[in-house]
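The two complexes that follow have chain A in common; it is paired with chain B in the first and with chain C in the second.
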Partner chain A sequence: MKSQKKMFVRSPDIAWQNVDGKIVVVTPRTKKIHILSGCAISIWDYLEQPQQIESIVEMLCSEYEVDTQQAEHDVDNFIHDLLSKEIVKVYNT
Partner chain B sequence: MSVFVAGLSIGGLNVKIESSDRRLIKLINREYSGFLSFLEETHFTIVLSSDGISRTEDEIIVARKENGYFIKGEGFGGFVDIERRIAVISIVVDKYVVNLFLRIFYSVILPFYNGFLIHSAGLKKDNGSYILAGHSSSGKTTAARLAEREFRILSDELVIVRRIHGIFTAFATPFPGEFTGYIENDKAALKGIFFLNKKLTSPYAIKDRIDSMTCLLENIFFFCSDSESNRIIFNICNELTSEFKSYDINILYHANFGRIIYEVTEENVCTQS
Partner chain C sequence: MEDIWEKTDSSLRRKNIPISIVFELTRRCNLSCIHCYNTKDDVQLTMRQIENIALGLRRAGCLFLTLTGGEIFVRDDCLEIVSLLRHMGFDIKIITNGTMITNIEARRLKELSVSEIGVSLYGVSSSVHDRITQVKGSFEKTLSAIKALKKEGIAVHIKCTIMKENFAEYRGIIELSRNLEVTYIIDPVISPKDDGSNSVLRHRLDFEDLKSFYWEEFDSINTEDSSQRGANFCDAGFNFGAISAEGNVYPCIQLPLKVGNVFENDFKDIWDNSPLLNDIRRRVSSGESECTNCNLYHYCSRCPGLSYLENGSLFGPSESACLTARIYKEFRDRKRYEVKN
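Up next is the complex of A and B:
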């Protein structure tokens, strides 16, 4: 997986808040509102610090009963979805 | 060189406008006659100049820069210093450009006064106000026209909502849509939040909090590319949705939607202290 070694972190431009157990995110440039729920919230919490996909998968597998291969696939898709929506960015040291 | 001065009061914020170009001050006195103010307390000063600026088709840019915001739009540009409460702006002498600038200017400063500008019709009755939020073509002007006999109209396009001493208040604005009736510089404590929904198959329907929050944010007039300001707006929306129930409303479903607005909000006692 190409993005395995890249690190990802929440975009600094977004505004977000936990509302009734769901994460509501605004991306100012696109003026879009996004709602995160379920295990996406665990990933969101984890992305407060820069993370590799590998470490997110490890975290998910330790918190939820999920198949590692399936988790890798789902996390990769999810992170790229967040990237395309400008909710996260690639972390450059 | 002579300096000419006008005073604006919009959203409870007194803004002193200075310019050496008399045409700009005349334009403001003419176009915003209902919102002029010469109160002693000034929240912000805008220094306008028409030198070296032409009308271009620039995208609106608002970027955080040190203690304020660099702003640029179609026919205006300059710096809004939030810390010193002064904006220095070059602007074309044109009522549409000035109007757009003022909309952007208020969007930029309002979060620092616990408020925001929202796409919404605003109605006032018995010292209470009601906002009917919705995007373009959602029926804001229609709502204002239908409600005109029963309510005082705060706007058919953009309303300012601010939290002042713990009370959410809706303010009239001089930024109308197509409503041609009289809009007075008025305000009232917020009593109800409604979202215009033409597809609703009942007169009204309560919204859950997430949905309400999403709809509020979607109708905010302008977001800066600045996390501090956006977090403040987010917090205000969060407080609003925790203190008020909100509803979808179909204004064409019932012959008297004004009565529905009034009754629904009276039935559901809001928790605002």
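Up next is the complex of A and C:
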């Protein structure tokens, strides 16, 4: 997958907070509020530093009992969802 | 901005997480508005104090910070503070008079992704605005700031307190807002001064002007929906709070009932354990109110802060709320009469 070579990181434009075990993310430009829960929080924590999809999949597979191929598919979809919502961005070195 | 409570389950709202805090960075101001409540214009938090308070707010679960003063841009380190707070993860809104915001500040605020800026404007002419701020030239500067912020694509809303001195201009403010493509809040509420003095209340609108203003406002919104009305308690002290430039913690900036001080205790400790705050929550949860038998109850949107300031009771009536409820009832009665006939 093409996006596996890219690195992703939390967008510097967002505001966020852990509210009672859920991550509440605000995207100021769109004025939208997004809620992350479950294993999305593990990915969120991991995205504090730039990460490739491959490394996120590895992290998830070590934390959860999940099939690698399924995880790749799910993470790819999830990251692209976060990209479209302006919660993460492609990291440029 | 979307409503956080519509995005989360309702149980979260009852956990008293201070999700939204008004943070007064300074009492200093470069204007001298005739209706202002602020009497302590020499108090200001240091950068180190702000950072420590903000760390405490993060630990307590705060997400939305509204920065206010005084006038926060009188501080040379204002943008540095905004940058610090943004990097800590807060959503930042700012309340300002705009007189110290040029294209340079506007650009930086855009870079910092500040979510909204409320700018105080009291008229559509310098003669009216400058008479209220008591500083010549302030109108031009404030207007320039609104334009500069708008040009950067920042969400701006004009905040206008209407009083006797600018009543004739409020329709002009609405028109100006529309022309500038910004939102507006026009509010006739004037609070007593923070030293308890009622001297500024002489600027409040007379009944007929207040009625005329509200009827026009009620007419422009969906007045059938009165679900938000009822002389209830608001989110103050539950999910909403304030910290003053002295480090005092309040349930709301409008409700100066000190529940602790962040230089004596950690904010989360104050918020979770203040006997006064817990007493308020208990009394609110038990439905305490001095207004339940009032025939205006369902027409009222009482502010507990104003009630406290005006008559010393959190759960009782306030002169301004009763007046507004009376006007709203008259309006609703008239509308019902018009429908019938």
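One rule holds for everything that comes next: the second predicted complex is superposed on the first by the 93 of 93 C-alpha atoms of A that agree within 3 Å, B and C clash if a C-alpha of one lies under 4 Å from a C-alpha of the other, contacts with A are read in each partner's own complex, and residues count from 1 in each chain.
Operating definition for what follows: a residue touches a chain if its C-beta (ideal position, glycine included) is under 8 Å from a C-beta of that chain, and two chains touch if they have at least 3 such contacts.
The structure displayed is predicted, hence computed values, not measured ones.
Engineer: After the superposition on A, what does A:35 contact: first (chain B), second (chain C), both or neither?
Structural biologist: A:35 contacts both chain B and chain C.
Engineer: For A:16 in the superposed arrangement: first (chain B), second (chain C), both or neither?
Structural biologist: A:16 sits against chain B and chain C alike.
Engineer: Of the partners chain B and chain C, which touch A:26 in the superposed model: first, second, both, neither?
Structural biologist: After superposing on A, A:26 lies in contact with both chain B and chain C.
Engineer: Tell me the contact category for A:5 with respect to chain B and chain C: first, second, both or neither.
Structural biologist: neither
Engineer: Could you tell me which stretches of chain A are touched by chain B in one complex and by chain C in the other?
Structural biologist: On chain A, the overlap between the chain B and chain C contacts is residues 12-17, 19-20, 22, 24, 26, 28-29, 31, 33, 35.
Engineer: Which chain C residues qualify as touching chain A in the complex?
Structural biologist: So the residues of chain C touching chain A come out as 1-4, 7-8, 12, 15, 17, 19, 58, 61-64, 86, 89-92, 113-115, 155.
Engineer: Going by the contact rule at the top, pick out the chain A residues touching chain B in the complex.
Structural biologist: 12-17, 19-20, 22, 24, 26, 28-29, 31, 33, 35
Engineer: Of all residues in chain A, which touch chain C in the complex?
Structural biologist: My answer: residues 12-20, 22, 24, 26, 28-29, 31-35.
Engineer: Quick check on the complex: what are the chain B residues that touch chain A?
Structural biologist: Against chain A, the touching part of chain B is residues 208-210, 213-214, 217-218, 220, 223-227, 230-231, 233-235, 238, 241.
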